[in-house]
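There are two complexes below, and they share chain A, which is joined by chain B in the first and by chain C in the second.
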Partner chain A sequence: MEKSLDSHLDDIMSEHGVIGVLCSDQQGLALSAKGTANPMYAGHICSLVENAKKLYPDTEPQPVICLESDACNLLVRSEGNVTVAIHKVPS
Partner chain B sequence: MGCCFSSEEDTDGQRQASERDPLLGGSSAPIANGQRPVDDAHNHSSGPISRTDEQSLLSRILHQTAHKVIDVSSTEPHSIERTEYMERSRQYMSKLSAVNSSTLHSPTDLPNGVKVPQSVLASDPIPQGDIAFAIQAAKGADASLSGFHVEHRDELVVQFESSS
Partner chain C sequence: MAEGIHHYFEELVAKHEGILAILVTDRDGVPLVKVADPKVPQNALRASFLSTFSTTAEQASKLGLSKNKSIVCFFASYQVVHFSFLPLVVSIIATSQANTGLLLGLEKEFEETVKAVKVVVDGV
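This part shows the complex of A and B:
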């Protein structure tokens, strides 16, 4: 049953510049993590999403959160009951 | 003259005059001579009582302090042999190195931040393609999890057979 999610995350990992991907539910439970993503920090990422929702409560669809750094960018997006965080090297 | 402060000032003045006697020398000799009998009489009259009071106060403070102080040296002697000390030190260091290597090393989860923020701020914003990619990835993950549920295979409550 989780094969579909795994294959989807593999597809994301195969994209150019992607070095890690993390998928978690709304409560911060890590469902799957690949590459440089650490499942221990799914809760932190979900709290980022929750705080972003508080900043823009009426915005629909929910915004994409991007944390920039020297090494890579972290793109976080929540959809339905799932939150996806992607480590992507800027091209 | 009727207020308390004036009388206090008087006694203070007498006390100061007697205390300053040696420093003032000959110029203040008449005053010192005039004050001395009074001071001596005052000391003789109130000396024994105040001394006993002071002694009792000091002894009480001493007792209270002795109650509060914990004598560590009497409970545990600090006598560790040098060889034992070295052995313990080696043991602690080995345990600490094992802990350092196992638990303190964790892979980075979030980006480590930006050393030169000017370059990031001056650079172009995140490309729209990346944002669209994140949106598509989230939608795909949500769709792939739409049929996700826990399969019930075993009994959640296991009944233990009673031995009786």
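This part shows the complex of A and C:
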């Protein structure tokens, strides 16, 4: 059933520098997680998106949230009911 | 200790948007800790409602997926997340818009506190 979603996530995983990818629904429940992404953090990522939306309520399309650290960058974007978070090593 | 635990759960309710009540009960639904917003439906705080989880968890454990840890129930306007710390049960009542993933993640946060209550209950 989730084959199509998994194949899209595999495509993202094959991109240069990507070490993990997480896909979650609006309720903060993980739909799929690959690599370093922990499905337990789906709720936190959705909450991050909800709070970020309050900063730019009228912006369309939704902006990308980027959390930078020495070890990894986390890119988060929400589209419709789905939120995708990508772990990427800084280039 | 009791006041400290009550205060801890009060803070948890205040900190997270959408949580209406947190209850720590025994397997019969008798509340040991009860923190509830006035907006929470009174039916959801009844022992008869809360005790259904321990029976359901017992049945769910027979599915062959090892011991049941938590159950999420969605209703039209509310959602209820039950965590098993048998003989204790933690029930979180929240609005249907609340972040379910975040509620499930709370287990790690209050695990130590509930275990402290469990030690006291086991000693009685």
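The working rule: the second predicted complex is superposed on the first by the 91 of 91 C-alpha atoms of A that agree within 3 Å, B and C clash if a C-alpha of one lies under 4 Å from a C-alpha of the other, contacts with A are read in each partner's own complex, and residues count from 1 in each chain.
Everything below uses one rule, namely that a residue touches a chain if its C-beta (ideal position, glycine included) is under 8 Å from a C-beta of that chain, and two chains touch if they have at least 3 such contacts.
This structure is a prediction, so every number in the text was calculated from the model and none was measured.
By the touch criterion defined above, A:V84 lies against chain B but remains apart from chain C after alignment on the C-alpha atoms of chain A. Look at A:V76: by the touch rule set out above, it reaches chain B but stays clear of chain C. Looking at the superposed arrangement, the partner reaching more residues of chain A, out of chain B and chain C, is B. After overlaying the two complexes on the shared chain, residue contacts for A:V64 are found with chain B alone; chain C is out of touch. When both complexes are overlaid on chain A, the residue A:M40 reaches chain B and chain C alike.
Of the two partner chains placed by the overlay, neither chain B nor chain C lies in contact with A:L55. Across the superposed pair, chain B and chain C both touch chain A at residues 40-41, 44. By the touch criterion given at the top, residues 106-116, 120, 126-127, 130-131, 133-135, 137-142, 144-145, 147-149, 151 of chain B touch chain A in their complex. Within the complex formed with chain B, the chain A residues making contact are 1-2, 4-5, 7-9, 11-12, 15, 21, 23, 31, 36-38, 40-41, 44, 61, 64, 66-84, 86-88, 91. Interface residues of chain C, counted against chain A in their complex, comprise 99-105. Chain contact summary for the complex, chain A toward chain C: residues 24, 27-30, 40-44, 46-47, 50.
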